[in-house]
Amino acid sequence: MTEHAPTSTVYTASELIAIMAGRLLTDGQIVFAGVGIPLLAATLAQRVFAPKLTILFEGGVIGPFIKPGELPPSTNEQRCTRRANMVLPSTDVLLLLQRGYVDVGFMGGAQIDRYGNLNSSFIGPADKPAIRLPGTGGGNDISSLTDMIVAMKHEKRRFVEKVDFVTSPGWLDGDDSRRRRGLPTGGMWRVVTDLAVMGFDAQTREMEVLALHPGVTFEQVQDNTGFTLRRARELSVTTPPQAEELALIRELDPGRLYTA
Amino acid sequence: MSGPLVKDYETLRREIAARDRGLREKVMSLDEAAQLVADGDHVAIGGCTLSRTPMAMIWSLIRARRTGLTVSRSITSTEGDLIFASGLGRKIVSSWFSQGIVWGISKVMRHHVEKGLAEFDEWSHMAMGLRYRAGGMGIPFMPVRSMIGSDVGRIRADEVRPMRCPFTGEELLAVPALNPDVALLHVQRADAYGNAQLDGLQFMDIDIAMAAKKVILTTERIVSNDQIRRAPDHTRIPFFTVEAVVEVPYGSAPHECYGQYEPIFAQLDRYAALTAKDPIGGVKQYLDEMVYGPKDWAGYLAEVGLETLLTASRRGRVIYND
Amino acid sequence: MTEHAPTSTVYTASELIAIMAGRLLTDGQIVFAGVGIPLLAATLAQRVFAPKLTILFEGGVIGPFIKPGELPPSTNEQRCTRRANMVLPSTDVLLLLQRGYVDVGFMGGAQIDRYGNLNSSFIGPADKPAIRLPGTGGGNDISSLTDMIVAMKHEKRRFVEKVDFVTSPGWLDGDDSRRRRGLPTGGMWRVVTDLAVMGFDAQTREMEVLALHPGVTFEQVQDNTGFTLRRARELSVTTPPQAEELALIRELDPGRLYTA
Amino acid sequence: MSGPLVKDYETLRREIAARDRGLREKVMSLDEAAQLVADGDHVAIGGCTLSRTPMAMIWSLIRARRTGLTVSRSITSTEGDLIFASGLGRKIVSSWFSQGIVWGISKVMRHHVEKGLAEFDEWSHMAMGLRYRAGGMGIPFMPVRSMIGSDVGRIRADEVRPMRCPFTGEELLAVPALNPDVALLHVQRADAYGNAQLDGLQFMDIDIAMAAKKVILTTERIVSNDQIRRAPDHTRIPFFTVEAVVEVPYGSAPHECYGQYEPIFAQLDRYAALTAKDPIGGVKQYLDEMVYGPKDWAGYLAEVGLETLLTASRRGRVIYND
């Protein structure tokens, strides 16, 4: 585990990703969150600056408050429903995406490409895969129907020129291909890693580095990426994780289930 | 599933019409209920991931040596490994398949799928739900706005139909209704007729019950019909969809049952450890010790251990302590 | 109100219809019942010979037991839910018809024709009606999707050659026209009046008198009908209302809300 | 409803995206809530016939002199008469319209429709429900197997589309999604954010809430968010669909509210008697005395009478005495 020490504090890569990703949310938003880092990041945002943020879980939950130390093993167990506003069938919580009630989908990723397409299904060809991955779950639905934030480790084997299989559509082949192929709404908005925050060019839809985490260079990001990254005109540097944020993350996940 | 992708309407109607849908008692044992499933049936499984999985019923079907099932579920966890490894089913239709995110990718699933020994047909989670919902509504398809543009739709091209809205001209995807031969559902309580009340997370259980030709219900407890009638707006599954009611305490162990018990993590960790070093040997050992070995479901629970069960129950009830 | 006195007992036309209609049901059936006579008839059957009969109401009710003296004003009030097995959204109880769970739809009728089509929408042309009737409610859904029993008064103005408007489809234009026009299931099965019980010819789908109530002649039925009726090869006579049946009807509807 | 029969998807998405969907308090008065409805809006009404009709809100809209609404409802009762007679709406989209079967055909409805003063567009009950459901699901139509072959479908020919199933080739009817501008719903309890819990009969309220651009909620009482969170599986309408929460005891009088009060039959009989002899004069008199006359909703209830309300309440609670 890489450890950064830009201020007086030490933190893990996962903690860094969770904190940086959480800061991308806005108060009042409705966030469809996956388990793990996305859940931690959304809960962090809720506690620190976004009290009116609403979290949705695929298992059929609206507006829960996760109990520190009792993180759920997936978004389909009773721990996800603690102090929720509403519990409903999973099909119906997914339909909220289709109806347009969700501002941001927030998930982890195994493999991503230049246009923000995610693969969580197959390494190698689908009809004879080298590795059969677990599959889409709700990932395809979420990324087809709303704006997306993806949180993942920045590794060359994960940031590839072209994913083997588009499980969760980003901008497909770039430009207006997403819309042309029948997806008029949503799209990949941000990718948050332990090195940087990335967006996508408004025209070509190629991945672009927007901000570097403290102590990270653009070259370092490029070296850990399997395709040529765009660089924002004004590349900024993120504010280091604050003590309050780290304390909260550790209160939520004291066993380091998701932040080891 | 044998036959066409979508059953024609008159066949569906005949299947339901042929069943005795009167208000009658249907209480039976796990062994008796297993006789209601035929080799080759399409069996839908309720719950999701580690929640309200009808584990005792699946366990009973494996022991009854049923084979060749096609199994569908919203999200598939350890029960999928057991279905493949035991030969109970060779095809799983689902949106996700592995024990759970904290345990990594299932090596048992990988072995079967990568070696071509079994199939895992992937659909999006919402599409799974809408396939059951269409089946439950008595319509042959449902229009949907996901699985479009991506490879998830492309590899299902034989089973979906691109279509245009007859009103707006918009591009949509028609996903086919799914009407399983049998649904296996586990609930907190039901009466002897099969009226079932679900607490907490419902997942796709109601749509599955309505879509299936028949439902086998396992329940933590059987309550009186009078109790059901005192709160009819809590009933979620109507009795006439149900063919069997089996009282099975801890019937979704080692998975959770909302408000009753949390997942039995010790068991799940043990299974993960067994299959991590040797997927096929490990799952075989688990099947021998925990499925084929015990005399009955109580014997299985004894293997899990009383203290472990009590801990899971204490954690399960916490949801009502606030 | 016509009163018949074939045995020692006196009863109203509505009581006669309710009793005769109730006898057409079979134990274990699932019956989608309208308010009024259909509800009374189904409850009577449940009490007398069909304890496993299940009643459905359009308001979203499965398997209620109506409390004597507390008949509901429609199928959409809480009185319909007394001791029900299940309460569910009205769309979903109607979908049980489409899914095929209902054996018999059971309703009243304002106007019926030779082929069992019912009108409860317009007297006169639909674009300029002489009388705008209340409309279909669930009638169109029920009669499109399941076998039907209709209970109504036998009057010439109600039994017409052709209804002004087909609200609830019977056999449409007879023969296989119902199936040809897109309704492969269900159809009008029995019409019960204060004079007789009628069915429909298996081939032509024309209305046919199957049984006369005690003391009624075929000619009397024909005289009160606006088209030529078929006569069953073996025309039978119904058993008069029994004291037990009348007592139960009066216990259920002591205020004679629906049986005056 | 102005505009096309079915709103295109991007318009629907923009409408929802433009709303503040954060967890915020929305408690206001009937008068304030009335300002959220614009002349000409399509307003969907929850409940059914004599049940959970949002009467106080309709009453408030009439007093605010709103006009030109298109109104839709599963089944329309006395509120439809008041809507036509007051000029609040000139078109009602519904499956049935009259006070109730025991009072015969509405003479006020007949007068307006037969004289061409207003429209009553008839759809089957299930089609109404599926139109809202499609709207709530974010799809532009729903396939259905009724309204086929009959005149109910024929007179709606411009608004429905015959279609063939892309899988089975079966003949189906596509009914258009209905996405009302505003939904008026009355519930037993809700919190200040708009999380609503419904007891007993639900009718089409959940689908209507999801289909509408925004919901105005009247509620017998406002409870704490903590109380809602103690039983989240009883919440039926999520807060983010809601724009206004108005606490109105007896808010569906003279209709019933499940478990709270039965219909106020004395009032309904009085209205029926008034309109039997002179439909137009009678409904005008009723509007003057019971809608325009009272100072506020409490004034209206005073006109109904305390003893009458207590009787209706006693009868309403009976459902929980068994």
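Note that the chains take the letters A, B, C and D in the order they are written out, and that residue 1 is the start of every chain.
Following the convention adopted for this analysis, a contact is a pair of C-beta atoms (placed from the backbone, for glycine too) under 8 Å apart; a residue touches a chain by one contact, two chains touch by 3 or more.
All of these numbers come straight from a predicted model, not from anything done at the bench.
Enquirer: Strictly by the touch rule at the top, which chains does chain A share as contacts with chain D?
Expert: Intersection of chain A and chain D contact lists gives B.
Enquirer: Across the interfaces B-C and C-D, which one involves more C-beta pairs in contact?
Expert: Pair with more contacting C-beta pairs, B-C versus C-D: C-D.
Enquirer: Tell me which chain's centre, taken as the mean of its C-alpha atoms, is farthest from chain C.
Expert: With centres defined by C-alpha atoms, farthest from chain C sits A.
Enquirer: Let me have the rounded angstrom distance from the C-alpha centre of chain B over to the C-alpha centre of chain C, please.
Expert: 41
Enquirer: Averaging over Cα atoms per chain, report the distance between chain A and chain B in Å.
Expert: 29
Enquirer: Need the CA-centroid distance for the pair chain A / chain C, whole Å please.
Expert: Distance between chain centres, rounded to whole Å: 59 Å.
Enquirer: For chain B, what residues touch not just one other chain but two or more?
Expert: 9, 138-139, 144-145, 200-202, 229, 233, 322
Enquirer: Spell out, as numbers or ranges, the residues of chain A touching 2 or more other chains.
Expert: In chain A, the residues touching two or more other chains are 61, 81, 83, 87-88, 95, 98.
Enquirer: Okay, what are all the chain pairs that touch?
Expert: Pairs flagged as touching, ordered by label: A-B, A-D, B-C, B-D, C-D.
Enquirer: Touching chain B in the complex: which residues of chain D?
Expert: 4-6, 8-9, 138-145, 161, 163, 165-168, 170, 172, 174, 176-177, 199-202, 229-230, 233, 322
Enquirer: Using the touch rule from the top, collect the residues of chain D that touch chain A in their complex.
Expert: It comes out as residues 9-10, 12-13, 15-17, 20-24, 136-139, 193, 195, 210, 225, 228-229, 232-233, 235-236, 238-241.
Enquirer: Sort out for me which residues of chain A touch chain D in the complex.
Expert: Within the complex, chain A touches chain D at residues 27-30, 51-54, 61-64, 81, 83-88, 95, 98-101, 103, 184-185.
Enquirer: Tell me, which parts of chain B touch chain A in their complex?
Expert: 48-51, 74-75, 94-98, 100-102, 105-106, 109-110, 113-114, 120, 122-127, 129-130, 132-133, 144-152, 155, 162, 171, 173, 200-207, 256, 258-259, 262-263, 265, 316, 319, 322
Enquirer: Looking at the complex, which residues from chain C come into contact with chain D?
Expert: 35-36, 58-61, 73-74, 76-83, 87-91, 94-95, 97-98, 117, 121, 126, 129-141, 144-145, 165-169, 172, 178, 181-183, 257
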